[in-house]
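So the structure is just underneath, and the comments pick up after that.
The letters A, B, C, D and E name the chains in turn, as written, and every chain counts its residues from 1.
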Amino acid sequence: MERDLALLIPEIIILLTVVFALVAEMLRLPRIALAIIIAGLLLATVQTLPLLDVNTTVFGGTFRIDTLSVWAKLILLPATVLSLLLARAELAGTDREGTVYVLVCLVSLASVLLAGVGDTMVLVLGILLSSLGSFALVAYPRDDFATEAAMKFFVFASVTTSVMIFGLSYWFGGTGSTLLSELSRLDSSPVVAVIGLFAVIIGLGYKASLVPFHFWAPDAYEGAPVSIAAYLSVVPKIGAILAFAQIVRDLPITMAWPLIIAVIAVLSMTYGYLAALVQNNIVRLLAYSSIAQAGYFLLGIVAVGTSPLALPSLIIFSAAYAAMNLGAFAVVMVVGRTLETFKGIGRNKPALGVAMVVFLLSLVGIPPLAGFVGKFLLFGAAIEAGFTWLVVVAILNSVLSLAVYLRIVVPMYQKQHDDSSVAMSTPLISLVWVIALLLTIAIGLGAQLLFGQLNEYLTGESLHCATSLSYLS
Amino acid sequence: MTAQMFFIGFFGLAGVWFGIVVFRTYSMVRSALALLFSQTALGAMFLSMEAEFLGVLQIMMMATEMSIMAIFMVMFMMDPGGLGTMDMTHQKRLSLITGFVSFVAAVLVAVFVDWGPVATSFPDAAQQTVDLGLELLNRSMLIFEMAGVTILTSMIAATAVAIQPVKRKQKQ
Amino acid sequence: MNLIAVAILAPLSATLLIMLLRRFPATLALLGAAIGLVGSLELLANAYNGLSQEIILPGLPGMPLRLVATPLTALLSTLVAVVCTLVMVYAVGYMKKDREQVRFFATLLLFAAAMQTLVLAGDWILLLSAWELIGLSSYLLIGFWYRKPGVKSAAMRAFLVTRSADLGLYVAVFILITNAGSSDIASTLNTSGGPAIAAGLLLLIAAMGKSAQTPLHDWLQRAMAGPTPVSALLHSATLVAAGAILLIRTAPMLAPETLLVIGIVGGVTTVVTGLIALAESDLKRMLAASTSSQYGLMLIAVGAGVPMAALLHLIAHAAIKSSLFLGAGVFQHSRDSTMLDKLQGVGRNQPKIFFGFALAALALAGIPPLSGFFSKDAIIAATLSSDHIWILLPLALAGTLLTGGYMARALRILWLKNGTSQPVSGLAWMGTGLGGLVLLAVILGAAFPGLELLLESALNIRLTENTITRFIPEILGLSAALGGLLLGWFFPVQVLLGPILPWAKRGFVVAGGFDNLMVRPALAIAHGCEKLERLLYKGVLATGRLGLRLGKAARRNDESGIDGMIFSFVRGTVNLGGKARTLQNGLIHKELAISTIASAVILVFMFIVLLTY
Amino acid sequence: MYPLVSITVFLPLLGALLVLSMRKAPTQVVHGIGITTSGLTLLGALQMWSRGVSETGFAQVEQIDWMPSIGAAYRVGVDGISLPLVLLSALLFFVTFIYSAKVRKQPHAFVALMLLLETASIGAFTALDGILFYVFFEVSLVSMYFMIAEWGHEDRQRAALMFFIYTFLGSLPLLLAILGLYLGSETYTFDMRAWISDPPLDGTAAMLALVAMLITFAVKTPVFPFHTWLPAAHVQAPAAGSVILAGVMLKFGTYGIIRFAYQMTPDAFRDAGLVILAFGVVAALYGAFAALAQSDLKRLVAYTSINHMGYIIVGVAIAALATEPAIRATALDGSVLQMVSHGLVTGALFMLVGMLQDRANTREMDQFGGLLKVVPILGWSFVLAAFASLGLPGLAHFPAEFQIFLATLQVEPIAIIVILGIVVTAGLYLRAIAQVFLGEVGEKWTTKTMPDLSVRELLALGPLLLLTIALGVAPAWVLDVIHKTTANWQF
Amino acid sequence: MSPELIIALVSGAALFGVGIYGALSQTNLVMIMMGVELILAGAMVNMVAFWRYLHPDNPAGQMFVLIIMTVMAIEMAVGFGVAIARFRAKGSVEMEEATELKG
């Protein structure tokens, strides 16, 4: 028990942070709440570092401390901090802004837990926890849009989650356990495995906004404050994706689940970019783009278990995605929500323009930016898993994505915008996009720093895959 | 046909029937009450499956929950009494088909999957509770704690969403 | 210092000096030409003494560039140098009033250097390079007065026609190199069989282009748009000669079949262009046509298997034709025109020049003891010895006859009647150059036996076969020449040519000539490509638009769900309480329904996958 | 030994950062930095040249671990194929900087972008790592997009987009191929040397990878059906952009075809040789004919690029089809030399067209006439460059094309039909010269409206023209380097 | 295979079907929530049955039921929170009136 708790120190720190922040919020001291949370999250991040070499489970396998979950913390907690800075910039002075910070922190906790999920109950609670906070965050402005968005979000979430729970009950029937590690028993009863997986696809598909469970996402992002949209598009989504990876790691490969995930990946990428192609609201555009990016994540999922590249690629793309997406949203906060506001911004604010271009090109996957490295590894993993066709589709979609993102870039460098006023520009936002920019470039160039760590670590891990990473020197 | 079987079937049927009733009335209050009955029937069904702790818990929790729900019904409905015959549904046929298909699919799975050997022995009620307690505080402690955090979050979230800010009113 | 280098580098460095200094162009040009001439002469002297020289330069990998001075090449080099020098002397006078002497002399010298390279080249790559470079410099020279109307098209045509024909040389060179495994000309001459025939015919095409053989003779007449010294140079020993020189040099490898084709091409050319010359109303154009005709005669000689005869005629013709052109240039200056009807009687104003001109004309016609007589005689002798005597001999005789005819006609027009002329400046220079060339034209015949001996000693090419006595060809040639002269002097051209006169005046253009056969189709293809290009462009844009449309469709789908299906269900919704609710888009339940249906599909798909795996 | 190659590659990047950090610096200073940096880079390239290449494999290799766990590293080095291209790039950038020292519109961004482009270009030619190559390849794309979009002419946005989308679309298959090669390699490495010495793929996989790579490089080169972006991009690009685009970036395509397609999937390439050859022939002829139909001088030059690049494709295909090492070496020598020649000649031509446009604000040929009289130096330079472009002996293109055609005839005689291209190009250039420079001078062109070349322009143009002649007269100094590699080609 | 298990599972399936119908067909947020409750009830029935007849030795089954109950309660609570917020903003919790966000 002590050992388990020691391994859960980062999570515990987050929880304590929440408690203290709540107190601060009750005292109407939002700035202090924010400070506490940021300090707590950073502390939790730091406390995660000693766990880098750990590969174990706690509480009888219900939670996994392994590469995915540790790196999820290392990626998601800093991303949360950045989101909080954005939120502070956007929401400072509004009523109960501290609640937002607390909820963000809780959702991050849920996402972090999801990334280490080892038990179906953790999965259920993780999704629920992350959804609950998200509803409140989306509804925070309490205006027409926000409440509508929250309502739709809620309906979608509750229906999909409950269907997932219903489906998961069959897994218990099949294995007699709620542990994911027991899923290999389902080898003999594939129907049950399929039903359960189907349920998981629905539940996590909703959470990661995969087509066809994506409908809530554009509405929610549009209705929510931009900073919250940025947060939602990054942290809970990555948590859900990593949870997905944790689950499929234990599925018997014989039931050919990668194929169905590949199909969903194709749907997500294609639909997301197609829909993004006609958006004039940049937040919506980025929402659809994040749907498509989720499809790219699935390229890593299909390779889990067959390619040693799968997990590293997922992690690196997560980091890349977090950096570039947060950066793009931060720029949107500065410039404004519509395409029109972007006109000429590249000339008026060259640094900001360059940053946006970098983020968007990284989202497209142009080297040497972070998005490229991530996608490249994902492609490699998928090819190694035998999904070359999927990679071809992904690459074709990258072309589509180019069109999508160029729709933002092109007006940026078009004719001069008359009034060079911007929606909002505070040092905080600037700080965020500068950090995101540096990270986007740094991850692109220094992927090895991440990868070396991952590789070293993964070699010691017992994967289901026959190959190990040892020959990848 | 054992008694257990009968009771399970009976309460199951009752639960389903009240479930259907939920969507067949034009009054939300009635719907809430129907749901209450449905859930209670399920609680009884659990009891007949010798899961006593769960059964009791179900009945107690649902009673509370549904009463709250009924109160909200009154708050939000234009026609809480269901005096009119206002239809509260849309895309009915599609929903019907979907619901029916889901039902059939689930039944098919239930019937045609080889669930393996039926357990011959099972712990008595007291042992169950002990087991559950041990499970709660041992293996599933993290889950338990997560549930707690989730409840905390739901409180924060619900209040954050629902409570009208004071400042804003002043502004207006 | 190597003499080959002197022969080439002297004019080349003079070019560069002129371009750099931009002054004393005439002096430098003369100096360069003279030094080159000395070099060439010494080369010839060395060759006479049995010494041959060679320079090997790094070129393409495995294919070094060579310059060789064999008796043949040394002789040709000397010829080029002599003519160049004399033309240069003449040009000093001719160009006195022109303001762009720098450009003129620089180009002229460049041309001379390129020509020297061509004749001295010992490997195919260098020969090809020089071949193209003389094309370039002739383009520049012909286009010298680029602002004059017609000049640019003349220059362009000259370059284009020759370059098109040059493709033959390119391919022939490739074939020869492939076959011999070396680009050395000497070693490729051993080629035989199919490659030899193919290469020979391709070389003929190239030669036809450069030597303006029918049907590619048109450009040469148009090239008269350039200054007269240029014409003199191009038409005598250089540009046009390149074709004949090429065939002479490669004669050892030419197969009998190729030789026959060459002979026929030459024969046809000599007759066709002879007729054109006869009908021509412009002195310089007439001389140009005559050049084609004379080269036709040379090709007959090559075709008859006696390239030596061709070579002799080439040498004689070089001196003669440059004299004629230089004379024509003086006439042009005195009357400001080259049209024959404006030049009537100009000979009386410039009697000395006319005397030289007439001597050269007679030499060209083949009147003994002028040089042309001997070379023509050699050609006719060659046809007599040929296997195809009945084809080649009549053609050669007809060519000779026509030569006499048009030269007599020209002389008659230039001498009879009176006209007024203006004084010509720089006459001294022009006279000197002209005099030198006329002198050569007159006396070169005496040098022929010596030349034959020289070349025989080098065993480079086959000698005139003396099996038939020289008497017969002499008689035949002389009578044809005299007959031609008499006809030309006494009968007007209308009588001589009769019905074909208009056709001949137009240069026997077949099917619209070059324009219709080459330019139009090329432009048509080009415009076709352009159309295709537009189409492609549109195609790309259309694809882009398709993508956009798909995107819009995706959005609509999101807005209204799978419309048709759901709409009918929703329409059935009863709306009670008098509260009409309008159905709107963007409804969560529809989206949920889509999700549900889609997930059902996914489930089915999963089971299908499950069953198939 | 200091890391010369890396210094040469990243020197421009340093310059770019310097420029960006000096936001207040006046225009002249900025251009001065650009010229100096590119000049130093040129010196670096020259020193690389003096260090030479080795007979086997790559020389001057520098290597630092980057992502060792997936076998990606920073590896640069040169061989006889890349070294001339490096020198060419450095030179072209240098002269382009001199030429564009007049740019007044956002000089900081311009110079920084150009320097970035220079790093990307030299980097792409020296990269010996699959990922590194791709990185440089894409960076060049982005820089060029902004170059066209920002400093281009009338319809620049559209052209830039077209360029970007087209080449980006084209570059993705390469990514796929690189992944394939990577996963096919025994030790999971991105080392291009390993891929070359031991081609990782065979059979259908190799063919698929080949097709992917060919698509990429065919778009970049560009080859006939994929070329539509080129005229648009060229016409709209600023003169400096055109020079770089034609002089350097088109070479990525042909370089890639040799380095990747040919060297890494040699067997598949040989199997597909005839098809590639056909594409090359069609491209060469189509480019020539399409150029003939143009009335816009810049489009004309752009289309002739397609023609010249077609010859290179022909050369490479012939090299693959050839069985004799000597012939293969000839074909490759010709192809590589053709890249260099094309860079010099077309660079000069685009510069000249740019100078004309600067003076006249039009590129339509029928607007001009008799300009030789007004701007003799410009005119004669154009004539020289045009004749070089049409393959006149003694000028840069001749030795290259000669070798290509020679090898073509030896290997696939029917393909010699491609030689028709040289007549068509001759025709179109003569037509252009006649229309623009010969004939009567138009009234509006006086020495006032159209001054002759300035010193700056001469300095920019001079090196290119001199090298054009030098390469034509004595190609050996470049060919020796190329031949060293091609003569020892290992298959 | 025990008939009790089947009966229970069929009941669960029926509840699930009804719940799905409700979630899809209702126009009102609260009613949709009821549908969700029924789906979850179905899941509970399944879980209890599986635990009782297949894996009584694993208390995780019961635990899961507890969790599902929690989920039901929490969803209801938060659902009402959202509903209140919506009601305040718009005066109705009808889904069909929530059409501002689309596209």
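Throughout what follows, a contact is a pair of C-beta atoms (placed from the backbone, for glycine too) under 8 Å apart; a residue touches a chain by one contact, two chains touch by 3 or more.
Computed from a predicted model, the values in this text were never measured in an experiment.
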- Query: Can you list every chain in contact with both chain C and chain D?
  - Reply: A
- Average the CA atoms of each chain to get its centre, and name the chain whose centre is farthest from that of chain C. B
- Chain pair showing more contacts of the two, C-E and A-D: A-D
- centroid check, CA-based, most central chain -> D
- Please compute the C-alpha centroid of chain B, do the same for chain E, then give the distance between them in whole Å. 6
- Message: Counting only Cα atoms for the centres, state how far chain A is from chain B in Å.
- Response: 31
- Note on the structure: dist(centroid_CA(chain B), centroid_CA(chain C)) in Å evaluates to 99
- Query: If you average the CA atoms of chain A and of chain C, how many Å lie between those two points?
  - Reply: 73
- Note on the structure: Shared-interface residues of chain E (touching two or more other chains) are 12, 16, 19-20, 23-27, 35, 42, 50-51, 54-55, 60, 63, 67, 70, 74, 78, 81-83, 85, 88, 93, 95-96, 98-103
- Message: Counting only residues that touch at least two other chains, what does the list for chain C look like?
- Response: 544, 555, 558, 586, 588-589, 592-593, 596, 603
- For chain D, jot down the residues that touch at least 2 other chains. 165
- Query: Which pairs of chains touch each other?
  - Reply: A-B, A-C, A-D, A-E, B-C, B-E, C-D, C-E
- Note on the structure: Per the touch rule above, chain B residues touching chain C in the complex are 79, 84-87, 89-95, 98, 101, 105
- Complex contact set, residues of chain E against chain B: 1-22, 24-28, 30-31, 34-35, 37-38, 41-42, 44-45, 48-57, 59-60, 62-63, 65-67, 69-70, 72-74, 76-78, 80-85, 87-88, 93, 96
- Query: Of all residues in chain C, which touch chain B in the complex?
  - Reply: 565-566, 569-570, 572-577, 589-590, 593, 596-597, 600, 603
- Message: Give the list of chain D residues in touch with chain A in this complex.
- Response: 65-72, 109, 131, 134-135, 137-139, 141-142, 146, 149-150, 157, 161, 164-165, 168-169, 172-173, 175-176, 179-180, 182-183, 187-188
- Message: If we count contacts the way the header does, which residues on chain D are in touch with chain C in the complex?
- Response: 162, 165-166, 225, 228, 231-232, 286, 289-294, 326, 329-330, 333, 370, 372-373, 387, 392-394, 398-399, 402-403, 405-406, 408-410, 416, 419-420, 422-424, 426-427, 430-431, 434, 437-441, 474-476, 479-480, 483, 487
